[in-house]
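Right, one structure below, let's go through it.
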Amino acid sequence: MMNAYFITEKDFKNFVSAMVQSLTVIGPVAKRKKFVFAKLESAEDLRLDYDVTLLPPKKEFFPPSQDMVRFEKDKYEGCISPQEKILLGVHFYDIKAIDMTDRLFREKNEDWNYLANREAATIIGSNIQTISERAFWGTVGKDVPPKGHDGFITKINGGYVYETRGDKGEALVKFGSFAKATDAQVKEARAVNENVMGKCPEKLNRSSKEIAEKVRKAFSKEAFWEALAEDCFSCGSCNIVCPTCYCFDVQDNWNLDQVSGARTRYWDACLTEDFAKVSLGGGATENFREERAERFRHRIMRKASYLNEKLGGPACVGCGRCSAACTSDIADPVNVINKIMEA
Amino acid sequence: MHCNCSYSDKNIFLPKETEILKVEQPTELEKHFTLKMKDGATMAFAPGQILEVSLFGYGEIPIGFASSPTRKDSFDIVVRSVGRVSKAINKLEKGQSVFVRGPLGSGFDLDKLRGHDVLIIAGGIGLCPTRSLIQYIMDRRSEFKKFTLFYGAKDPSQQLFLSDLANWRKSNDVDYYETVDKGDEKWTGNVGVITTLFKKTQISPDTRAVICGPPVMFKFVIAELDKVGIPRSNVYVDLERRMKCGVGKCGHCQINDKYVCVDGPVFSYADIEHLEEAL
Amino acid sequence: MAKAKVAFFDFTCCEGCQIEMTNFGDAAFLELLNHVEIVEFREVMSEKTKEPIDIALVEGSFTREADRKRLEEIRNRAKIVIAYGACAATGGVNALKNHMTDYKEDVYGKDAGMPHLDSQKALPISAAIKVDYCVYGCPMDKYELLRILSHLLHDKEPVIPNYPVCVECKRNGTICRYQEGDHCIGQVARAGCGAPCPADGIPCEACRGFVDKPNEKALKKVLIEKAKFSEKRAESKSRIFSANLRSDAQ
């Protein structure tokens, strides 16, 4: 069921208020001069004019730390307990990323620790009103359409067009004074979303397919990667803020009573030194990606090439979070990829 | 403990309880456990597959099966004390519980080995996962042609499965050759790296070869197999990586674009020789 | 599980980590007492013992040869020795003096020559005795200490991160200090504290020391280019808590 509705600016506020009163609504809110996805306490909190959030919305389904098994002596149980929530105001690049993590957590072995949270969520996108400084979503993975969301809001003159994509999105219509959108309004919304695509400050110049092939072939250019990674701190910031990174570590801990506890997963980062290290016994270890250049390369390979077959395009959506998070400013995929493509 | 969710049977991280039927200690660092599912179920697996073995509070580790699925009443694992979890498991005694998830990953494709000569080259603790295959072949000996086993250990005190070794030395079912990197006063056998065993016998180019051992061993062994003329598509490698989740999610065991825990740990060498991170 | 005998000792330090221990002030500390027996703890009790102990928690850095004997006695009595707090674990802020020679008059004025003020370089206690584990930080994080004790009570080697504070800031959704025009050295600092300082708008000073392989060169570069530090300030920045861990440690 796909329908297009229109709501005036004033009624939109009431719509958000009504939802906030009866549902858990997560949306972009200001954190000093930046933005984060957080629970809305009132409609005024919602900042659809945000550029990009510090962390992508993946945290709502795949939290930074998540108990997977809880135990008490010899008894144990899983702890999947999804809570229904609305994610409101997700930009299209993050919608693409959510669709990717959906597929990756579903493939081969379905991970319901993620999927249950995901299924309990309603995702409503919104158009990009402000473009972040490091964005390149206009030119990355153009063949991969945003999908998997339940509705999309676009700001046009005098109000918003709300396009629903199925029952979950349709179920929210009752919270606001919506009218059927006119063809002109739908057309205007489409133009808004199309026009923004050419406005990113950073651009990739080649197709995803060309990039995937050439980046993969650049694997053995050791000196190239070493030079790029010279200022890398192995801090993993680029991984942790990435909407398509989903690696995790698992740790067991006891509670204070020392008999109960939990097996918990935590966001991990393949750039960190110990990520691929194993103990061999007698104090010996083997680190399968010991050099920071190898780890730096692995991330670029994963973003530009390794997952393309599975995902139909690159595992990068051009949000620019990694570029902004890297204090050495070496993480920017545009910089790395364009260098490879120009070589 | 109370959980009102309906997802318990869907949680791929929820382990199952096993009881320790028997514990042996073959070397200073290793313990050999025989386990049985607490719920009475049979562990149905292929040689080469892995288990995530855990103790609550300590964590989980990936371990290959060390027995053959043809022996249905129980299954074996060998745990080398190298880290937090293995050290804790190796303190357990008969009758106690360990928790397992599995079988996981992809093991040896037995149909590709059946009807052919088979050569297994096992270095160090690499004998544990291959023991599953060795037992399988010995249990169904007529299904395979000439069966050769090379086993290398650091020194005689590091040899595993001593009673197996004694049987294999005498057995007509397997051409068994062994070596140690460094001998001791009692050792009268071959001394040298595992590739020195290739001089001891004739291997046919039509052999299916299986390699499992420390990372450093693979390249040298593959060079020998190339010399014999065995096509790389007939060479199988059992690889070790940091398989943390065992279900292809957590990312730690990746070799380029492959997840060792689901795409492997057993790979046809032809499928991975183009992967720069493989060997 | 028999209660583990735990004792606290202090050397050159402010005893702030012992104070931090007593700051639990809630069920956590009392719950801990169900599992350990504290046999010596100067900040909170007057008893002293000479008996064997299971876990010795040593605070403060090793700055006088005269302390070696006491440290060795502790080592001989204890099954496990934990250096807790930055001073004991890395030398901490005390090690700031290690690259200087002219501080004494500045600090002590006319008393500078008094014999009790004589000290050598400030070193971690591992310079004198074998240390099994470290609880990093200034002060140490009491919850991390609880976790480490919990692991030791179960004979499990404690998990101590070897990734930088950035990982924790990012997990927390904290705004990077650099994105607010500030500086920070969390990129080289060992995590495990949960990164509370940047969350409060304060740069990380690496009070937990460095990760195993800190990129010092890149740090200097970033401090100069992004935080607009002078070369000299950028060069000395990480000395505050990590002088002994730097590649130029004396």
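Per-chain numbering from 1; labels A, B and C assigned in written order.
Operating definition for what follows: contacts are C-beta pairs under 8 Å (C-beta built on N, C-alpha and C of every residue); 3 or more make two chains touch, one makes a residue touch a chain.
The shown structure was predicted, so the numbers you read here are calculated from the model rather than taken from an experiment.
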| item | value |
| --- | --- |
| Mutual neighbours - chains that touch chain A and chain C alike | B |
| Chain occupying the middle, per Cα centroid | A |
| Computed distance of Cα centres, chain B from chain A, in Å | 38 |
| CA centroid of chain B to CA centroid of chain C, Å | 43 |
| Residues of chain A whose C-beta touches two or more other chains | 251, 253-254 |
| Residue list for chain B, restricted to those that touch at least two other chains | 57-58, 83 |
| Shared interface positions of chain C, touching two or more other chains | 154, 159 |
| Complex contact set, residues of chain B against chain C | 57-58, 83-84, 87-88, 91 |
| For the chain A and chain B complex, residues of the former touching the latter | 68-72, 74-81, 104-105, 107-113, 116, 219-220, 246-254, 261, 263, 265, 268, 270, 275-282, 286, 288-289, 298, 301-302, 305-307 |
| Contact set on chain A toward chain C in their complex | 31-34, 36, 54-55, 59, 64-65, 230-237, 240-241, 251, 253-254, 256-258, 266-267, 269, 272-274, 292, 324-325, 327-328 |
| Chain A-touching residues of chain C, taken from the complex the two chains share | 1, 27-28, 31-32, 34-35, 146-147, 150, 153-154, 159, 162-164, 166-167, 169-176, 178-180, 184, 186-188, 211-215, 217-219, 221-222, 226 |
| Interfacial residue positions of chain B with respect to chain A in the complex | 1, 3, 5, 7-8, 10-15, 17, 29, 54, 56-60, 80-83, 97, 99, 214-215, 240-242, 244-245, 247-257, 262, 276-277 |
